[in-house]
Structures are given as C-alpha cells and as structure tokens.
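In structure tokens below, several structures.
In the two complexes that follow, subunit A is the common piece, with subunit B as its partner first and subunit C second.
Up next is the complex of A and B:
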C-alpha cells in the first residue's frame, strides 16, 4: 500500500541541542496509531514538525507526495492546544475562526460532534474543564476533512467518561482512509482501538509495531511498551 | 465487553460473536450490527472488526449481502459445529485449570459428577 506519511532521516535541533535524531517513520492510510514515549521524549515536537509548525529541520517529511509545509498543512488537521485564543473567547468565536481559515471545515460535522460532546457554543474557554477543552479540540480537529489527524495527548488529565466519549468519537467519525496519530505517555486505556504503536525513545523511533502482532506473542501493549523501558534500566 | 489485551482482539471479537450467535442473541438469517456499530459497542478499531468478520465470512458462519451488511448463516449443521467447538474450548479451559489445581483427569470426572448430583 502507498504510504500516507514518510519521514526520512529527520533531525531537529533547538538551541544547538538535538531534540529528534534521525527519525524514520512511515504511516499507511486508514490506521489509528499511538505515538508513545515519556514526557519530554519529543512527541509534541514531532507532531509540530509533521504539521509544518516547527521548521528548520534536516531530513524530509512527505505527506501524500507533498514535502512543502504549506501543501502538507492542507492534508492534515492538528489543533495546537487552542493556545492562540484568549481565556474569554467563546466557543462560537473559535468555530467562526475555523470556518474562515479552513475551507475544508464541515459545519454539519461540527454540529454533530458538538452535540455528541455536549458543548455549548456560548461557553468561554476559561469555563471549560480539562475534559471539555479536549472534547472541543477533538470536535474542531475532526470537523476538517483531512487525510491525517494529529492528536497531541488528548487523554492526559481527563476523567474516564470524557475519555470514553473521545474514543467513541474517534471510532465513529474517522473516515475509512484517514489516519490518526495520537500521542500519549500511557497506552493501557486506548490499546484496544489501536492498529499500531510507535515508540519514541532516546530522541528517535525505537520501534513501530502492529498491536495485533504484539498480542500474538501473548504480550499486552502495555507490557510491551514497559518492556522497552525496562531493558534500558537493567 | 472487556477484552484481554494480551490476546489478538480480532480473535476475541470472533469469540464474542460466536457466543452471541449460539445463545440466540444474533438469530440465524438475521443481520448483525454494522462494522462501525460493533466497533463502538466494543470500543475497538474498525479494521479489527473487519478482520474478524472477514474470517467469519470465510468460515461460512456469516455471509455478506452486497450493500446490506453481514448476516448469520441458516446452515444448522454449521451452527451445531460452532456450538460444539465453543463447548470443547470451555471444557479445555476447565480441565486445564483443574489440572493446575492438582486434580488429575481421572479425578475430574468423579468430582464433576459428584458436583452435579449435589454432593
């Protein structure tokens, strides 16, 4: 199958310090993939590079045959924590911004997601709990018609109900050919919905495996992931 | 439905569906839920459900009507076979855990018949 995303020998430095070192990664269409690694492993940086937000890297990032950042951006949907909006911004103003900026923003899809997530358009960012904020980010991200969706730690610090809601929305709204890359430092609660896991360690991709292949060896995804870290400690 | 994460999920989905069929929750000749409905119900990936359904189609326990979805077979012999397989699998589990408790195969049948007559 043709790759959706191809990353070749990607190295990224910040203030002379190597953050990512010779990353190679290929993702196919139609997959749900976890990007795992400890806090500070470089998961967010890798997502920002794929999304075209972090520049000046070495190596190449190709999304559907496009290597230029602006062209890549048209094929992917990434919501960077809503950091650009002030606390008093209402949800409806953020939605309006998305409608203006992104031509692929689907109003009907957003309405469905919004009612599924029980989000009120009149609420302001400052009034959203961590879980509500993540639900809003998911609703905005999935309302765009993209080939690649990047979700940066959508499950960190949220309760079980919100997590379940987000997982269900991913299963329900993911188009067949779209691929979702979800970063997390913990895999247990999302393991059953994953096709593949990518583990980042020591600034590079340590392993990229199919989850069902891991289970064929009678290992749970969590045991496998923890095992990769234990080896180091011995 | 809780899955064990150290056994391939598609195998567990198959077991779950066999059980639904044998216990009559999914009736012979009737349509089963769509791939996406099953995925949400079981909190699993659509691809994983598809893999399970493809295998069950190949086995003949399910059949596909184009554009309509997957249906449970009406082949009674095949349904009986499937039930026999499930029973055998349960017996294997039972015997294994009895063996692990130090009960020999000979003792199992004695213990079991005693249990069943209420001793």
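Up next is the complex of A and C:
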C-alpha cells in the first residue's frame, strides 16, 4: 500500500536550537495514529511542518506524493485555534469562511457535528468557553473531507463526559481511507480508537508501533508509553 | 484561480468590516461639526454658509481619514500574513501574499470612492438648494466649454499630468504596503534565526536596524522625486515622470519578489494563544 504521509530526514531548527532531528515517519491511509511525547518534545512543531505553517526545515514532507505546501494543505485538515478571527465573530461567519475557502467543506456534516456539540450559529467567539471553542474547532476540522486530519491536543479544555462522547464518535466522522494523527495527553482515553503510536523523544521518533503489537505484550498504551520513559531514565 | 478569488473576497470582507462605520462617523461628524459651528436658520444665505462649511469640513476629514484608514489596512494586512487561520488556505504563499496586497489596494480605492460619492451627494444637495450655485455652475461650464474649444492641447496636457500624478501615488501606496511587509518579514525571520531572548527589547532593536536600512532607500527615492518637483503643480518634464514611474515599478516588483521569497521560506504563520 502507498504511504499517505512520508517524512524523510526532517530537521528543524529555531533560535539556534534543534527542535526536530532527522525525523523519519510513514503513515498509511485509514489509520488513527497517536503522536505522544512530553511537553516541548516537538509534536506541535511536527504537525505545523506537515501543515506547511513552519518553514526553513531540511528534509522532505510528502502527502499523497505531493511535496508542494499548497497541495498538502488541500488534502489535510488541521485543528486551528481560530485566532485569525476577531472575538466578535459569529460562528456562522466562521462557517461561511470555511465554506468559501475549503472546497471539501461539507455543510451537512457540519450541521450534524454542530448539533452533536450543542453549538449555536449565532454565538460569538468571545461568548464561547474554552471547551466550547475546542468543540467548534473539532466540528470545523471534521467537516472537511480531508485525507489527513492533524489534531493537536484537541480535547484539553473539554469536559470528561463530552470528551468520551467525541472520542467514541471520531471514527464515524472520518472517511475509511482518511488518517488521523492526534497528539493528546489523555493517552488512556484515546487508546481504544488507536491503530498506531508514535513517540517523540530527544527531538526524534523514538518508536513507531502498532497498538496490536503493544497489546500482544499485555501492556496498555499508557503502560507502554510510561515504560519507554522509565527505560530511558534507567 | 477559484481559491484565489475566494481568498481575495474573504480578505476584502475582513478589511471592509469597519469601513462603513468609519464612513458613518465621517458623515455624522462632518454634519455635527458644521452644525455646531454654524447658526441654523431658514435664511438661505446661512444655509449657503452651512453647505460651504460642510463641504470644506468633509473634504478636510477625507484627507486625514485616508492616512488613518491606510494605517488600519496595513495592520490588518500584516495580521493576515501572520495568522495561521488564514495561511492554512490551500494556496501557495506567493498567491496568498498577492491576494492580500491587492485586496488592501482595492479596499482603499473602494473607501475613497464611497467618500467621493458622499462628497458628490453633499455637492448635489448644495446644487439643488442654492440657485446661486446653479447659476455659478452654469457659468463655469460655459467658460470651460469655450476654453476647451480653444485650448484643447493644454487640456490634454493637464489630463496627462493628472494621470501621471495618480499613477505615482498608486505606486507609492503599493510600495509602502510592500515595505511594511518587508520590515515585518525580515525582522521575524532574523529573530527566528537568532538565539532565543525573551522580551520585546531585542525585537525592537532588530526592527530599528531594518527601519534604518529601508529609510536610506526611501531617501534615495524621495530625492529622485524631489529633484523633479513632482508635487509642486504639474510642471513636470515628461521624461523624468516616466523615469520615476519606472523606478517605482521596479521597486514594487523588487519588494514583491523579495517578500514572496521571505514568505515562502522564512515567514512562519503563528497561532496566537
């Protein structure tokens, strides 16, 4: 099977510091992959490079055999904090922006997700709590028919009950051949939906394993992840 | 091309968000200033005074509002360039930047047209109210008609000079947008390269150095323009005007190419927390 995403020898420096060092990663279509690592490991930076937001890196990033940023952006959906809009912007205006800018935006899908998340189109960004804003971001992200979804800590402000509901439903919102790359600190909560785990440590990919292989060793994902850090500490 | 058009329309919409409010403030502000500085009565000569004052006050406000709105648009321009929300648009950086600059230019033109329309409405109102104005306009048109028939070539010259002046102003306006972007892009690119230092002090110093370099360039351009007295009447040598336009075109192209290169390779979008 052709890889959906191929990253080869990716090195990224900023402020004279190496943030990511010779990262190699391949993702297949149709997988849900966790991107794990401690704070400051480079998870967000990696996603930003894939999405074409971070520049001046060495190595290559290819999505569906495309290296050009514009083509990559057309095929991926990244959880954006919506900071490009003023606080007085209504949700319906943000939706209109997405409808105009993204040709793969599905209005019906958004309506379903919007009612699922209990969001009112007339609400302004300033009136949304942190959790409601993140629900809106998830709804907008999954309303695009993308090949790759990049979810950067999408659940951090969402309450536990809603988080559980969303996590259980994510698999229904993506097309079969679409891949999700999700970074999150609630490892146990997302474990049930994962196909693979990628761990970033010491500026590079420490390990890339299938969850099946991990579970074969009678380990939960969290135990496996914690075990990696304990081994390193020893 | 359709993504370019969609992006352009959204950027234009973003920049014209406060435009109508500004126009309304200008409109009401002009009337209020004129009203409170004039005595209101049904006496037609006082009405004449009111209308003359209104036209002059509104024309004065138009000059200040041009600069104010231009600065506002510059800020919005750079905010969009820096914004992750906008930069996630599936379009390459060169077209993104061109769309942003073009939408700024079109917004300014749209703003000025609406102001001119308001001025025309005030003038039209004055024409309708005052018989004296109607008489004066008729006389002026008659004299202009006589002058036109006997001095056709001079009229063409005036038209040419006006066109050259407008072209130079447009190119200067575009160049200013480009220079502001250049300043923003280079300073951020340099800051990303330097070791991390917290605080705004370092970024201010870097920006001051870049401002100094750009100021040197601008002084060179302004010397060229001043040499030809372009702003004092329209007594300009045709060849020198064309040279100025050519220089401005080259500068615009130069900064456009440099800015596109910087945006593609060094200027990262950020997500403000």
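Keep this in mind: the second predicted complex is superposed on the first by the 231 of 234 C-alpha atoms of A that agree within 3 Å, B and C clash if a C-alpha of one lies under 4 Å from a C-alpha of the other, contacts with A are read in each partner's own complex, and residues count from 1 in each chain.
The definition used in the following text is that a residue touches a chain if its C-beta (ideal position, glycine included) is under 8 Å from a C-beta of that chain, and two chains touch if they have at least 3 such contacts.
Because the structure is a prediction, the values reported are computed rather than measured.
Q: Thinking of the overlay built on chain A, is A:221 touched by subunit B (first), by subunit C (second), by both, or by neither?
A: In the superposition, A:221 contacts subunit B only.
Q: Regarding the shared-chain residue A:167, is it in contact with subunit B (first), subunit C (second), both, or neither?
A: A:167 contacts subunit B only, not subunit C.
Q: In the superposed arrangement, does A:39 touch subunit B (first), subunit C (second), both or neither?
A: In the superposition, A:39 contacts neither subunit B nor subunit C.
Q: According to the stated criteria, A:78 is in contact with first (subunit B), second (subunit C), both, or neither; which is it?
A: second
Q: Would you check which partner chain A:212 touches, where first means subunit B only, second means subunit C only, and both and neither mean what they say?
A: The answer is first: A:212 touches subunit B but not subunit C.
Q: Just subunit B (first), just subunit C (second), both, or neither: which does A:100 touch?
A: second
Q: Both subunit B and subunit C contact which residues of subunit A?
A: none
Q: Quick one: which bits of subunit A touch subunit B in the complex? Just the residue numbers, please.
A: 30-32, 164, 167-168, 171-172, 174, 176, 188, 191-195, 211-212, 215-216, 218-223
Q: In their shared complex, at which residues does subunit A touch subunit C?
A: By the definition above, subunit A touches subunit C via 14-17, 48, 51-56, 68-71, 73-74, 78, 80-85, 97, 100-103.
Q: Would you pull the subunit B residues touching subunit A in the complex into a rising list?
A: For this pair, the touching residues of subunit B are 3-10, 36, 39-40, 42-48, 51.
Q: For the complex, give me every residue of subunit C touching subunit A.
A: 2-3, 6-7, 9-10, 79-80, 83-93, 192-196, 264-269, 271-273
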